[in-house]
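Here it is, the structure in full.
Note that the chains are named A, B, C and D in the order they appear, and that numbering of residues resets to 1 at the start of each chain.
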Amino acid sequence: ACGGTSSSGSSESKEDKGIAIAYDVGGKGDQSFNDAAYAGLKQAEKEFEYKTADVEPTDGETDADKEQRLVSLAKQGYDPVVGVGYAYATALKGAAEKYPDTTFGIVDDSTVELDNVADLVFSEEEASYLAGVAAAKTTKTDVVGFIGGVDIPLIHKFRAGFEQGVKDTNPDVKVIPQFLTQTAEEGGFSSPDKGKAAAEGQIEKKADVIYTAAGLSGQGAIEAAAANKVWAIGVDSDQYAQEALAKYKDSILTSATKDVAKSVYKLAQSVEDKAPRTGILRGDLTSGEVGLAQSNPVFANNAKLQDVIETAKKKIISGDIKVQSS
Amino acid sequence: MTAVELAGITKRFPGVVANHDIHLTVRKGTVHALVGENGAGKSTLMKILYGMQKPDEGTIAIHGETVSFSSPADAIARGIGMVHQHFMLADNLTVLENVVLGSEKLYGIGAKARRRIKELSERYGLGIRPDLLVEELGVAARQRVEILKVLYRGATTLILDEPTAVLVPQEVDALFDNLRELKAEGLSVIFISHKLGEILSVADDITVIRRGTTVGTAVPAETTSRQLAEMMVGSELPTPETAESTVTDRAVITVDTLRLAAPGGKALLDDISFTIHAGEILGIAGVEGNGQTELVDALIGLRAADSGTIRLADEEITGWATRKRREEGIGYIPEDRHRHGLLLEAPLWENRILGHVTEKPNAKGFWLDPKAAQEDTRRIVREYDVRTPGIDVTAASLSGGNQQKLIVGREMSHRPRFLIASHPTRGVDVGAQAAIWDHIRQARREGLAVLLISADLDELIGLSDTLRVIYDGRLVADADPATVTPEELGTAMTGAATGHLEHEETPETPADARKAGADTPGTAADAPESPEDEAR
Amino acid sequence: MTAPTTATDVNQPSLQPAAPTGRRMSWPVLLLVIAGALALVSIVRIITGADGITNVSQMSTALQLAVPIGLAGLGGLWAERAGVVNIGLEGMLILGTWFGAWAGFQWGPWTGVLAGIIGGCLGGLLHAVVTVTFRVNHIVSGVAINILALGATRYLAPLAFEGHQGGSAKQSPAVEPLGHFTVPGLSDALRDLNAKGWFFVSDIAGLLGGLVTNVSWLTLIAVALIPATWWILWRTAFGLRLRSCGENPVAAESLGVNVYKYKYLAVIISGGLAGLGGAFLSIVANPFYLEGQVSGRGYIGLAAMIFGNWMPGGLAIGAGLFGYTDSLNLRGGSTNVHALLLLGALLLLVGAIWLAIRKKYVHAVITLIVGALVFAWYAGTNEVPNQVVAATPYVITLVVLALSAQRLRMPKADGLPYRKGQGG
Amino acid sequence: MKKFDKERVLLAVAGPVIALAVAFALSAIVLLASGKNPVEPFALMFEQATFSDIQILIVNQASMYYIAALAVAIGFRMNLFNIGVDGQYQLGAIMAAVVGAHMNLPAFLQVPLLLLTAVFTGAFWAGIAGVLKVTRGVSEVVATIMLNAIATSLIVYMWKPDVFGVKIGNNSTTGEMHESGWVPGIDLGEAGEIYGLIVLAALLGIGYWVVLNRTRFGFDLRASGASTTAAAASGVNPKRMVLTAMLLSGGLAGLAGLPILLGDSHTYNLNFPTGIGFLGIGIALLGRNSPVGIAFAALLWAWLDKASPELDFHGYDKEIAVIMQGLIVLSVVVSYEAVREWGLRRQQRRVGAELAAGHVLGADNNTTKEVAGR
């Protein structure tokens, strides 16, 4: 090898540089956690009036490429540098060791334990548990459906929490689980048509509440639910409020939210305040970064239902209920 | 009245002048023969007339009108039809589809076209069934499909490029009857053949071209085939005559009751038995497609026999793989050199290795020895007079004759005990032909056993020590090459005669004999219905 | 893919024409086979109680999933019938999705469909230029087009979609629906019949119901393209000329057919069909373009075409098989596929009997043992793992091919370079 | 020794160079059309190639591309299209990862064990397609496409916790491999580490060349590729050759994922790079199935991959690199073809000239001597 390294080459001024995020495959525009992280970044950018950066990955890249990307961002002076998605774990560890003075954040991963790393993880299973409670209380047929985008551990958490919530509320209710694809490359998170087919299959088996944790594919499931006049439960953000789904919003009972934006923003804020938060920062029911959306009035105004949910939530927070994550 | 007039045609290919200032005039309602050595430029000239290739210089006039063709479609529109040297048929399409292709406007592609085909087929006695796949047809039937294609288009000028190369004499006669009929209807025919006897019997005029240019014309009535040949090559015609017999009593290859069946169970080869001794050439005569290919495949090990045995000297080799057979001294000159004998895109020296990769000098144990192989290739090029600028050029860039010489050189270099020579001189010009014959004779003197398969009956008769006739997968007849005539062989080849062919005395030369044969009852004219095609 | 051959037919051994060529299966036989298969499925449904395997929605989902695959396959068929291997179908589908959505969201879905077709045609045109004019290896060109289409759409997506409502760098704004239809009385009648659960009749009703219930107009067009392709290619002069270019271009040339022209047309049409498949994905299946939407359907389409022996009917069956198994999988995969195990066991049993009749006892016993194992799997479990479900379509395809493939018969000059005036 | 043919060398070099120039020019047009500076992106990407850390990324990536492309190329060399390298290398890698996590032998045994595991897994998977082709005539293209999909399911199955899976955070992995199976890299300090198995890639390249060009087997394989019929007549058993080539291709493919597995990730997880097998097709063809050509192609490809992310920082879409990859393949193959035909014609002209030297076409009297002289 000759010459210096790429990052030693670019020595721009470090002033006025704030948060930077590096996306996982899917990248910006996935209408899921990548977009949520971007929302957090935008908020920080607006608030702190500094320069930010967001970078996309390439197909089939290796950990070394990811590390190179993070290092490059850190070298340019961005702080904090956030890797969106557990895929960044190995890479982020390497980068964080090289730049101990920069704060790093990683979404959806708690395996990197370094002084300058914030692990932004979420208890999706807790929100899913509540979704399960809502589903069990709402179903009239005693059949509910779960649609997972891809058969991976992250999605297993949603399923585990949901199933537990249903069973704890009403053991007679049957959950029909369905994963759309085995790998993300096959389009499990980005095939509304697949989501729709799966939902229709479940509806035919009498399911009348369907919980989807399938990224964009969820849109298809929600469409099918609306067409067949059954309930859908959304995921990640408050899907009742999403423009793209406005047509079907009356069928969206609630959504199990996961506020990546807030979490990312809070990290940026702590760095700006010169008191970087590090270690495992868990977004859970307690912190309010996961939960059930309340924007559908039918749902919010159903006092009986809200009572049960509130009770379950308290029990989870107090530790009386331990929600399984797989 | 001239049907076609070609004047001053010149056509250059990279490095070759295929046609140089050629003149050809065809009178209406005649058969005009075009003769010349291999590579003389006959096919090229005809392709130019048919619009497949554009001349660099010269003019074409049809019925007195100067024309310029940019594709065969233009030529067809002018009433020109061509039967190509190599069949132009799509195997996976039906006869009907092959016939109507390109001229769908005439009668559509359905019932009307079918009717028209049947009509033509009956009128000219072609015996064609429109709904068979071409793949299922025999050679002669394909030939007739080609002719039907031309007639279907209502051609007034027919070009037949070596139509008789794959036909037996009786089929040839039937074809000539058809030609005469067409001629009587006012059609003009341009006819290419290497068989001079045929030409003398059918042509009204003859044009001879040599090395790309017209060297003269001849009138059949006043010309002998010898004279024609001398015009063609500018020298005496070599003949494949065997000198003294060298047959020994040492059996080299012994085939016993060999049987080979098609997947359906039909026997492709049945009850084949023969022995070839050291120094003996066994010639097999037969219409193509009667099991010759299968026999060769079985001998070289490309197909396993269903029953029967093959012995090489004292060893039984029936179960041996091709490689082992070749290593043990079976040489192989394949009938289709492009498909079985050469790697066209590979340099000559790699082609020298082909088939003998495990043998010296090509390999040292597990490893190739390119240096030695290249050295030996140079030797072959020298000794066998392969015309090439070097051994690094690809085989594809050599002419057919030179390719064949390379193959012969390669096979002979390994001193085979037994040589399978399938059409060793097909498509090879006279000079190279003589050289190849010499090499085979030389090896025979040294004790080589040869199985010779050839469509050229003169070659078969001239080279062989013993002759057998194969028909429908069986060896049905044998003959003494010293006395048998091509006509007698031809009769047996159609299955009409079996057993030992006794010779009836005819004093003429073979070419004249053929003329006479055409008039002999029993051998002529029944060819169109020849059973080997219609059996399918 | 095949060694170059010459037009020298003289040397073809003609005594063995009937080498395993597999004559075209006659219609009655084909129908019988299909009916037999359906009857078996019906038995399985009744035994297992997996009603999902033949009901109306199952079939209509299957149809929808089969359409893009079938269109890609048809694209492959057109190209290969003219002698050009088209492995660039994937890229042409991608172009179709992008162009379809891009025009669709601005000027309406039908314009989108048209644009999708044009997008695919552009891909086809490029493939034609490279393979026909420049005689480059067809596979190389296809691979390059796949890469190029991916890069180009990704590059263009942000430029075209960002800033529009609902659009992003990876997704187009929504396209208006194209509309679909349900044949009024028929659909309900068939659905009722299907719900009765009768042997065979209900299954047929399910199959037919899928064809008349909630069918998009584009689906109808796609289905109609199958017989249309057959008619054009096998019953018109145009089709004959086109096919002759794939069988023996030199012969075609010698009869005045402009081989280049037909090859170009075929490959462009091929691209257009794939583009239509792409537009289907981004307009009907989903109302928008999404990056990665095609996810390998082009390759599957190619496989369906080979599966179908380069014939439209066979291709439709192949695409239907993929659509059907995929739909089974999405609509409650585990139990449905579990039911298929029984079907597999039954089929193996039938196979074993057939082999025994043909006196192939060793094969029969092996088949029987495998059948017994599959049955044991069926009997011993209630569900199959998700992974087995996901792999089902591919395993079935392999098995079917393994049982039938030696009859495959591709166009003779498929994939070979052709140059005008070289013949003879 | 062969004469140094200047014209020939020029030809060999001119083809790719012209093609690259055309590809760059076309990409620049795309940039211009979208209103961007057509030159700067290239300048940026060339600059990237001068940085040592990027160089290491390029070389590491290229090592995997190289092996995958060799696997594809060996198939092409005998007219087999192994489109299933993708599934084969992934399966090979996951099997090696599983074995590496559950067996712990001394390094000098462990590493060969892992390599062999990968080779046999890949060969087995490709072998299925080979056997189907040989015994049932199933097109290897379809079979390997199907096997790719099945491999995906198999991998997900192996990730299940009750099979071989170990969950780490939200990632599915096969558990960390024992250190004895790690292959140390070439440490270049701050710039990073070159995978140790790059040596393997180089050896495979040399082995590929030697086997193909210097052994009897290699000759048979090439002959089969050039003409199945001629090869059969020369004594090659075509079925066995198909199967052997498929097994070889699969075995090589099995190794394609190992540089990163043994050199860096030490586990097979959701991040494991996919799609290398498909890229291998383009790279093999770009490199004209020759080991040296493939090496250049792999480096070129890896450079485009690794240098393009930088474009993001300068307001360019890095997809332009993907477009360039497509354009490069196309223009390179077109120019290859043109050059090849040119060379062929030139050769024929030489042959023709040689023949003409003996006797000029148009006939004169010495032809008599020619024919009689034999």
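The rule we apply is simple: contacts are C-beta pairs under 8 Å (C-beta built on N, C-alpha and C of every residue); 3 or more make two chains touch, one makes a residue touch a chain.
Protein names from UniProt, one per chain: B = ABC transporter ATP-binding protein; C, D = ABC transporter permease.
Everything quoted here is computed from the prediction, not taken from an experiment.
Asks: If you check the contacts of chain C (ABC transporter permease) and chain D (ABC transporter permease), which chains show up for both?
Replies: Shared contacts of chain C (ABC transporter permease) and chain D (ABC transporter permease): A, B.
Asks: Averaging only over C-alpha atoms, locate the centres of chain B and chain D (ABC transporter permease) and give their separation in whole Å.
Replies: 44
Asks: Any idea how many Å lie between the Cα centroids of chain A and chain B?
Replies: Each chain reduced to its C-alpha mean, chain A and chain B end up 76 Å apart.
Asks: Provide the C-alpha centroid distance between chain A and chain C (ABC transporter permease), rounded to the nearest whole angstrom.
Replies: Inter-chain centre distance comes to 36 Å.
Asks: Could you say which residues in chain C (ABC transporter permease) touch two or more other chains, in rising order?
Replies: 4, 296, 386-387, 390
Asks: Two or more other chains in contact with one residue: find those residues in chain D (ABC transporter permease).
Replies: 152-153, 156, 226-227, 229
Asks: Going by the contact rule already set, what residues in chain A reach two or more other chains?
Replies: In chain A, residues 151, 182, 185-186 touch at least two other chains, as defined above.
Asks: Got a list of which chains touch which?
Replies: Touching chain pairs, listed by label, come out as A-C, A-D, B-C, B-D, C-D.
Asks: Flag every residue of chain A that touches chain D (ABC transporter permease) in the complex, lowest number first.
Replies: Touch residues, chain A against chain D (ABC transporter permease): 1-7, 9, 53, 55-56, 58-65, 68-69, 72, 76, 86-87, 89-90, 108-111, 151-154, 157, 182-183, 185-186, 326.
Asks: Quick check: in the complex, which residue numbers of chain C (ABC transporter permease) touch chain B?
Replies: Result: residues 4-21, 235-237, 240-241, 243-244, 247-248, 250-258, 409, 411-412, 421, 423-424 of chain C (ABC transporter permease) touch chain B.
Asks: Considering only the defined contacts, which chain C (ABC transporter permease) positions touch chain D (ABC transporter permease) in the complex?
Replies: The touching residues are 1-4, 126, 130, 134-137, 139-141, 143-152, 154-155, 158-159, 296, 299-300, 302-303, 306-307, 385-388, 390-391, 393-395, 397-398, 401-403, 405-406, 408.
Asks: Quick check: in the complex, which residue numbers of chain D (ABC transporter permease) touch chain C (ABC transporter permease)?
Replies: Going through chain D (ABC transporter permease), the ones touching chain C (ABC transporter permease) are 30, 34, 79, 81, 83, 132, 136-139, 141-143, 145-147, 149-150, 152-154, 156-157, 160, 226-229, 278, 281-282, 285, 317, 319-327, 329-330, 333-334, 336-338, 341.
Asks: Okay, in this complex, where on chain B does chain C (ABC transporter permease) touch?
Replies: 43, 47, 50-53, 71-76, 82, 84-93, 97-98, 100-105, 108-110, 133, 135-139, 142, 149, 165-166, 262-264, 266, 268, 288-291, 293-294, 335-336, 338-339, 344, 473, 536
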